[in-house]
Every structure is written in structure tokens, then in C-alpha cells.
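First the structure, then my questions, so here it is.
Letters A, B and C mark the chains in the order given here, with residues in each chain numbered from 1 onward.
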Amino acid sequence: MSNTTRYDVTDWPVGDAFDDVGHVLNDMIAHLKRRQEEGAPGGGKPGAVIHIPPGDYRLRTQVVIDVSFLRIEGAGHGFASSSIRFNVPETQWGRLHELWPGGSRILVDLPRGDGPDVEPTDGAAFVIARDGEPRLSAIEFVGFCIDGLHFEPDGSELHPENTYTNGKTGIYAATANDSVRVNGMGFVYLEHALVMHHADALSIHDNFIAECGSCVELRGWGQASKITDNLIGAGFAGHSIYAENHGGLLVSANNVFPRGASSVHLRGVTRSSVTANRLHSFSPGMVVLDGASAENLVAANHFLRDQEPWTPFIGIGNGRDDEYGLLRVEGDGNSLIANHFSAVVAAEDVRPTGAKPVIIRIVSGTGNYVASTHVVARDRRGQARDDCFAAQVDALLSARAADDLPVIAVLVDSASVRNTVLDAGTVAQLAVDTAANAVRPTPEVGA
Amino acid sequence: MSNTTRYDVTDWPVGDAFDDVGHVLNDMIAHLKRRQEEGAPGGGKPGAVIHIPPGDYRLRTQVVIDVSFLRIEGAGHGFASSSIRFNVPETQWGRLHELWPGGSRILVDLPRGDGPDVEPTDGAAFVIARDGEPRLSAIEFVGFCIDGLHFEPDGSELHPENTYTNGKTGIYAATANDSVRVNGMGFVYLEHALVMHHADALSIHDNFIAECGSCVELRGWGQASKITDNLIGAGFAGHSIYAENHGGLLVSANNVFPRGASSVHLRGVTRSSVTANRLHSFSPGMVVLDGASAENLVAANHFLRDQEPWTPFIGIGNGRDDEYGLLRVEGDGNSLIANHFSAVVAAEDVRPTGAKPVIIRIVSGTGNYVASTHVVARDRRGQARDDCFAAQVDALLSARAADDLPVIAVLVDSASVRNTVLDAGTVAQLAVDTAANAVRPTPEVGA
Amino acid sequence: MSNTTRYDVTDWPVGDAFDDVGHVLNDMIAHLKRRQEEGAPGGGKPGAVIHIPPGDYRLRTQVVIDVSFLRIEGAGHGFASSSIRFNVPETQWGRLHELWPGGSRILVDLPRGDGPDVEPTDGAAFVIARDGEPRLSAIEFVGFCIDGLHFEPDGSELHPENTYTNGKTGIYAATANDSVRVNGMGFVYLEHALVMHHADALSIHDNFIAECGSCVELRGWGQASKITDNLIGAGFAGHSIYAENHGGLLVSANNVFPRGASSVHLRGVTRSSVTANRLHSFSPGMVVLDGASAENLVAANHFLRDQEPWTPFIGIGNGRDDEYGLLRVEGDGNSLIANHFSAVVAAEDVRPTGAKPVIIRIVSGTGNYVASTHVVARDRRGQARDDCFAAQVDALLSARAADDLPVIAVLVDSASVRNTVLDAGTVAQLAVDTAANAVRPTPEVGA
């Protein structure tokens, strides 16, 4: 066994993967590092693949990955909705075919960090960290499920399992890294699914990340990464996709569903792309570019903002009122082109009362360019507030015959000047100072 | 063996996978379900992965998947063109290196349903179906080939192998399902490749689905799914990508080639996206939004409509004339932005004779928004009608020097009003009532 | 062993994979072909999968793949930056955790072709070639690393390891092929990573192709392929993505980083798409459509052109001056819509001295359509020229506060007429003959 580069958690002589897969994985990594010390002919240190067959593996020990070229691979993303199940009375669980997520499933069973000594990595199932050089490279997470199991009371009136908080993180990269891949994974019921610091050329592709407090967080700084083709949906107070101080990030072809406080939040991000995504939220602030985010392209995205249809969460939101903007910009030189917005809000639910919801709001900065934007806004009436899947779909489909809702398509605050707004709203839908910005309203019938 | 979660069809003690892989797969599923009854510590039911090594596996028994967290995985999508081979005289087959598709290949050998008792699932190699709750979750099909083997006479003069009909389906989901994945698969010579009812958060990604009657059909209703990054091409009477009553669907980065009657057909679909696709068809009706499809975004797609170059199919089409529209809308509030259209039709082949082909046609509904649309139309002359690959490419490349063909870039029927059409055609190319719609023609030289 | 379709390079009785994996792979292919001669019941020839576990495998013999349905699969793309390591003084290598790329790594150790007898396939690790019919189908490369090890002196003053030349190619397809897949691979330090002739329905998806002279080259002719969702960056004189005489190509959702002489170069390519990519370059000519490339769509891309920040390469570029255009078109009927351009060049570095950099240049052809284009240009001042990762990110982020740099947003040469340019630059930024082209300048404040 000592020369293999293929490990399997179910046949490792140390530990019991079903009882504590973290202990087993750490032992494998230690073994791999000892083997790497010998090196391959030519001086390479090729790494390994660790297989996690389908099964339930409790993780009681945090895994620390401080070696490059390690792939951890399962055979099933295993997502199943814990949120739906936890909102079924427990007395009825007996009639359910399954109670829990499946696949190659890691059950994160770590103590919650508390008190003054809490570290950011506490509660993380997998930590990527190494001092010295070079950066860790080519670590891959493929095809397994990380399940946080339960949420916990947050002091609110929410049922504990609906709080999206439990101090648990799926994967936490603490030090600089290069060419990491997260692919085909499932994440569920974690407060933070994926937190990556200092990432270069990261690929987060084709994952299922849902029912987590926050889903993807690129922190610190980083460059040239991609978040593509994922199914993502965070909790009401968290981020679906967040990045800070990144350059050259590509966020494309994701289907981001509720209920994240934001769908895509870029802070201090420049020269990046948010293109061809489908975005759905129950709150304003779907896409936020702030912290002097500059020269980004937001193009060919579909935005749907409607209202929470599910009883346990009705009235819970991100606290932003409807003048916040569905797409909000604080920064220079951004391009917002060829996006579609559907806003479906009951007129009586608009806040502040009597206000017109704002679709695009440019708060500060100069030289932003808005073009070819289409806004459809409906007064949400007669939509079922029911909890089943069929009713959810019906909600998505049913509002099309509702009355129009008056909105501000583009609001440019007075602190922002020299923007260009073309074909993004009729005269009545624009709140833009034409003495300070270049404006061409969308033509109207007979005009 | 009884505790493994990894199965291999070639070493299972029951049945003979080469003779009837369906029998073997059903026995494995039964085994898995018995094992799940015991459950894992903690109550989970983790599922399994079933491996199908490269090989030819006849399927004489339909596989019924009524368990979550099952991945069926092969090691090769195995696509090869049966259409080309079947149109080579059989006397010449001896000179061919291969005759059939390969990879991990399922040969679907099921009896065709007939008569009054035929069920929709008849002829389906894989059926996903379970009553009760919760919905089936996280079923995955990865990396194998489903081959329908032969098409059958359809009463027309077509060679039987060119009819695209045989009553066979690759995968048929009959009941509600969540987070299913179809990834890296090959489908060939099936009347229906993939029929999914009531899908939530489905991912159909990076597959090769060609030479099938219809390729992807999302039926019933569903939400929040994605069809991304596939190579797809249906038969002349079928759908390449079809969805009905879906909300929040993302269709992005697909390369859809002929000859489907439609490239993307959305019926009763709302708040969905068709973005960044490359679409190629031999007929009008490439993208159809009907059945009150509303508030969808069709953006940054490339449309090419030219004519059937291959002898066996010349004259066979979807029966739509050139006034049908390449992109046709019946519905409200859709956005059609930043698309390119190339139409290459011999002037003498335009139907009705003497008509101008219509590129975008809005038949009914209100509030649709068309902007930044570029149409290039050529009279197809001198293009080789030959059958080899090189000639096909030549056809794609050669028409660029041909004469312009007059077209209607946008036609809005009188039943549709309050649409906005901006920079989508010159005055002469627009057939839009400016008293009922907002119109800004594309500027012209010297105007 | 004779009936298996699963091979593993580490347990094959012939050869030593660690010493020469090419010899082992060729022997496996020969074995597979002998087995295929028997055929499966029904006449199929299903192919095989060859596993390459993580490890360092020297390749001293070129692998020739002349059989369909072969998947070669590793368990790690293994990318690590050789460029960074080679630019660390060798005396300091001892402090580095790793020196070489890893994963399932092929060390290409082939003699360099020289003299009059050099063949294009010389120096290629994997050659795909077969005479006769049908075309090779469904060959798959998945999840391993091809490492060219070293670059070689090129006669310049560059350090040999920085020349991007060594006569080595990763994968070279010489004959027509169908439905080939390259997925999850790593390529590093090859003069040519991937050269594919005569490809039909090729998929190059989710790879890491960097520090290679050229990355993706589709040569000869081909159709209906996709290059999607890759991380790509070529050398200063090479191509990141190049295609010639292709129709219906989809280039989407790639993150293309420096330093390629071009990011995407299409020659004689028609009816193809370049959409939703993030493109970064240190030189003009980022996207070039030439050789009569026609009717292509370039939409929703983010272009960033700034300047080489890394000491070893400062002053090395593609030789094009700033009037060449970041997006350059020689051809008819192309659509350039909804793109963002950031140009960050120190005013004193602009060439010719005193010129205004050109963003979009249409050199020849007719009927091109440019719309909704946003250009942000900055005078690059005070940007750190340092070599570490943090400094690179800082360079990406820091220039946002710099002064504006005057540019020509669109230049149409007099040889090109009847183009349409809408909302792509202010009057002062356009160099377009309005007597020969249709022009609507971007509106300005107060205009």
C-alpha cells in the first residue's frame, strides 16, 4: 500500500472512516507527505487521489490539506433538501423515503467555535493552508457531499433548522492557492459552503450548493478565477456568490436561486464579468457592485425578483427596501448591458410604502454604461402562497397576467455623474439628471 | 459484496450484463434498496455508484430507478455517427473501421409499445419513477452511451434508418425529481433521448445528444434547471431542446446543430434564459416561445438557418414556411437582445414563393423588447450539395460571398402591441405598426 | 486480463510506465485493437479506458491513437506554475515545497524534430491519426497533466525557460475526427498544447492550459465544436485560442489570461460565436477575425488590455502597435455587441508615439455591426511592476483611479464600407466615414 497514489477511505488501516473520516483523511495526507519526501525520479511530488465511495461518513476531526496535487473524489453529490424535510412535522418523517442527503456524504460533526479564541477556520470540515512557497496548487474536490446536518437557534423566532447558522464551513482556504478545482460537489446545511482566500485561477464549476448560509465566498484578494455553471442558492442573510478584491473573475452560466441576501456581490472587484446567469431572489440587492468595484461587465443576465412564497420565511428578508435597487453600483466604468429584469411585488408590500421599486441604481462613481435593458414589473396578486414544489412552479408561471407595477428602471444618485444610460427605461421610468449624465430614454409608442 | 456501495455490471452474480444489462441493473437496485432498509448510522441512505466499463451491453429489460443517490457511470460517451454509416451502402461496410457507437454502450433492445395499452414509459431504457415523498433526488447519469440501434419505417419514402422513429427513449423521468444530473453522456438513434417530467434543479451538462428524434424534453412543469454546454442535434421532426411550463430555466453555451424542427422550443415557459448558444437549423422556427411564454431572455445567441445539404434529407423539413420566423414569439414581456442571425436560403427555395423570409416574428402578446439584432441574409448559390464532412464544412464557409437576400428582420403581427424594437432592422426590413409599437430602425448609411 | 476494457498503466505487464508511459500506452492500444478484431456480439468495437493514477510518468515514445472509443483518464490536472519556479534562482529551490507540476503527470521527453525531415507530429506526446473511414470518434482525454518540462533557447536574450519554445506538443490530431473530448486536463510548458485538425463536434471543456506557447489550435477545417469554460493563457508569441476555416464554433465562458499574442484568433471562420468570455492580454490584437472571417458573433465579452507587469517579459510582446485594434476584423457581416473594453496603457508607452490606441478596428469587409460597446481607457501610472501574486492582483485592481486615456473606440478603414456602428463611442472616439457607414455615436452629457 505504501507506494500507491490511490487511497480509499473505506480500506485504510488507520481509523474508521464511518466514525471519523477526518481522522482517516489526515492520516492519508500524512502518509502522502511522507511518500512525497522521497520524491519521484526527476524530483516531482505527484500527489494522490482519495476515493470516498457512496456512504455516510461522520467527520469529527478537521481535515487540513497542506499538500498540492491532492484530489478528493466521491461518487455522488448527494443533494437532497433538508429544508423541506425539516419543515415537515417530525411525526410524519416515517412516511418519507429518505430523511437525509446521500451520495458520498460527509456529515460535519465539529464543535462550534466559541468565545474570544475562535479562529476563522473553526468549524471548517476541510482547511487548505500552508506557509512558505510555492502556493498550494491543483487541489481538487470532486463529486461528494458536505452536509452540515443541522442549523441552530439564532435568537430569532425562526425554527432552529431554518436559521442558516451553525458555525460550520465546508471548505476553507486560508492561504494563497493556485488552480484549485471544486467540481460536481454538493453542499447543504452549512453556514458557509466554500470560503476561498487568495485564489488564483480557481475553478468552481458544475456544483450544487444550496440551503447553505452563504455559498461561494472569495475573500482576501485573488484573480483570474471562474465560477461557472453551478446551481446555487444561499440563505436569506447570506451570499450566494461573493468576491472581494478580485480581478478578472468570470461568473457565468450559473443558475442562482433564492434566498440569498444577494445573488452576486462584488466588493472592490475590477475588470470582471457577470454574464449569462439566471438570477432569482426574494429581495432587492440581487447584484451589488460596491467598495469601488470598477470596469466590470454585467451582461445577458436574467434577473427575477419576486417574493418569498414559503410560509416559514415569509416576512424574513435582507432588510433592504425597494429603493435599494435590484442591480446596485458603487464604482466607476462598469457596463450593464442586455440584461432582463422581472420584478414581481405586490404593490402593498413595496417599501417604503408608496415608493416605486428601483431596478438599477447607480449610487456613486462615474462613467458607468447602461444599455439595452428591459424591465418588466408586475403587481403580484392572486399568487398562491403554498409550500409544495408544484405551487412554487405555479408562482413562477402565474404572475404573467398581473397588472403592471410602476418602477424606476434606472436611478442615478446625485453623487454619481457622467454615466451613460441608453434604452434602459422610458422617460417616466428614469430618475437620472440629464445635465450630469448622458441619457437616451427607451422610445415609446407613437413617440 | 453485500456492504459495498460500488457495483460493477461485469462482476455481478445475477444475470449477464452483456446479454441483458437491464436485468443486472434492476437486481443491483433491488439489492441497494434492501441494504438501504438497514440504513446507515444516523439514518441516512447513501445510495451507490454502478460502474459500466467500456463494452457493449444489450438492454432487454427496462431499468426502473426508484431510489435516490444512485449514480450510473460509464467510461466513454461513445458517440459515433450511425446516420453516416447507415447511409453508406451495406456492401461497403466491410471497409469501415467501426460500424457502431462504442464507449460504455447500452444497446436498447426493448419491444416497441403498440396498441391501446401503450404507456409513455414503454420503450424507455431507464425510467425514474417513485410515488410518495420526498421526490427522488441526486440521481446521476455519467459518461456512458445509450444507443437505440435502428430507426424504423414511418410510412414515408425515407429509408427506415433515416426516420428518427423507433419508439425508444433513453431516460424517462415520470415523477417529480430534484437535483438530477446528466453529464458527459452520449445518446444516439433514440426517438427520444431524454424526457424529464417535473424536474427541479436539473442539470443537463456537457453531453453529446445527436441523431435522436428529440434530444432534451422537459415536460409537465419544473423550475430552476440548467441545460448547458451540450452538443445537441435532433431529427427533422423533433425537438433539440424543449421545455414546457418551466420557470427559471437556463439554456446556455450549447452548440445545437441540425436538423431539429426547432433548436429551442419553450412552451408556457417564463422568466428563463436562452443565452450564449450557437444554434444551427435547416428550417424556420429555430427558437419558438409559445403557449404564453413570458419574460424570457434570448440574448447573445448565434442563429444560422441554411438548407439541408445532405441528399437523403433534401426536401424533408418541418413544413414551416419562411414567414414563420426564425425566432418566433407568442407571449408577453420577452427580451430578445444582442443576437446575430445568418439566413442562407436560395431565393428560389423561399416559401411562399416570392415572400421575404422573416427573421423575428412576434405573433401575439405585449411588451416584448427587441434590441441590437443583426441580420445577415444571403441567397444561397453555388453551394455544394455533397455528403461528406469536408463538403459540410465548405457549405458552412462558402456562402459568405453570395448576394444579399431581402428579408423582414422583424415582423410584429397586428395581434401583438406595445412591443419595443430598437436597432433590429432598417426601415425596409421592419414590418411593425409604429402606431402600436415603439420602433427605432437601425440607422442607414448617410441617413 | 485479455478481456478487460479497463487498463491501468501501473500494472501492465509490458514496459515500465514510470520510465516510458508512451511504450505502455501503445502496447495497450495494440492489445485493444487485437481484442476489437474479435468484436463484441452484434459487431460493436467498444473501446476502453486507460487509467493513469497520480504519479510522474516519463514519455519517451510518442503515443499513436488510431482507434475510436478510447478514454485516457487521470486523477489530477496537476497544474503548478513552472514559469514562476524557473524564475526563482535555482539556489533557492531548496526552500520550495514543490518544484514541478503533479497530478497524473506525463513528462514529455521526446527528441525535438530537426532538419529537413521534421514532421508536424514530431514532438507530440499523443497523435490521433488513422486513414480510411469512418473518422476516429469519441476519443477522450480526461483529468491528467501533460508537462513539456523545459523551454529552450530561441536565440533571443530571454532566459531559455521563458521562450515558450521546445518543439513539443501535447495532443496532435492529424486526421479527421468526430466527437472528441478534452476535459479536466492540465497542459504546461509545451510549445503547442492542443492541435486538432479537421475536428467535428469537438469539445474542449473545463481544462487548465497555461504556460504553453500556444494553447488551443483548431487547424485545417472543422465544424460544430465548442471551446468552453477553460482557463487558458499562452505565451507572448502564441495563440491562446486559434481556429481556421471552422463553421459553427462556440467559444464561450473561457477565462483567457495573458500573455498570448492573441486571446482568440479566428481565420477564415464563419458563423461562429465568441460569447461571455473574460479576456486579458498585454498586447493589441486580443480578438482577431481575419482571412475573410464572416458572420461571427462577438458578444458579452470582457476585454482587458494592460501591460506586462512581470520583469522577465517586460518589453517582450507581439510587436503590434496600439493602432492595430484590440478587436480587429477583416471580413463581412460580423456582429460585435455588448462587449466591455478596459485599456490600461501608460501614455508614454503608446506606439506609435502620440497615437491614440484603437479599440475596435474594422480593416476590410462590409456589413459588420457594432453596438452597445463600452470602452474605459486609463493612463497607467503608479502601477507596481512587481512579480508576486499579490502585486499582480494589485495591478488588476489599482488602476481604477488613473486618468482617462484618449482612444479611438472604433476605427473603420476606408477599405471597409457599409458597416453599422451604434452606441460604441462618442463622436470624438469614432474614426468612421459616415458617408460610407451607418453611425450613431454614443450620446454625451447635455447633448
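By our rule, a contact is a pair of C-beta atoms (placed from the backbone, for glycine too) under 8 Å apart; a residue touches a chain by one contact, two chains touch by 3 or more.
On a predicted model such as this, the values are computed, not experimentally measured, just so you know.
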Chains touching both chain B and chain C, listed by label: A
Fit chain A onto chain C over the CA trace and report the rotation angle, somewhere between 0 and 180 degrees, nearest 5. 120
Could you check if the interface between copies chain A and chain B is built from the same residues on both sides, meaning over half shared, or from different ones? different
Between the Cα centroids of chain A and chain B the separation in whole angstrom comes to 29
For chain A, residues that touch 2 or more chains besides their own: 206, 229, 252-253, 275-276, 299-300, 337-338, 372
Using the touch definition up top, name the residues of chain B that touch chain C in the complex. 18, 53-56, 58, 75-81, 84-85, 95-105, 107, 184, 186, 206, 208, 210, 229, 231, 252-255, 257, 275-278, 280, 299-302, 304, 337-340, 342, 372, 374, 376, 389-390, 392-397, 400, 423, 442-447
Mind listing the chain C positions that touch chain B in their complex? 4-6, 40-49, 68-71, 73, 130, 132-135, 137-138, 140, 176, 178-179, 181, 183, 198, 200-201, 203, 205-206, 221-226, 228-229, 245-250, 252-253, 268, 270-273, 275-276, 292, 294-297, 299-300, 331-333, 335, 337-338, 367, 369, 371-372, 417-418, 420, 422, 434-440
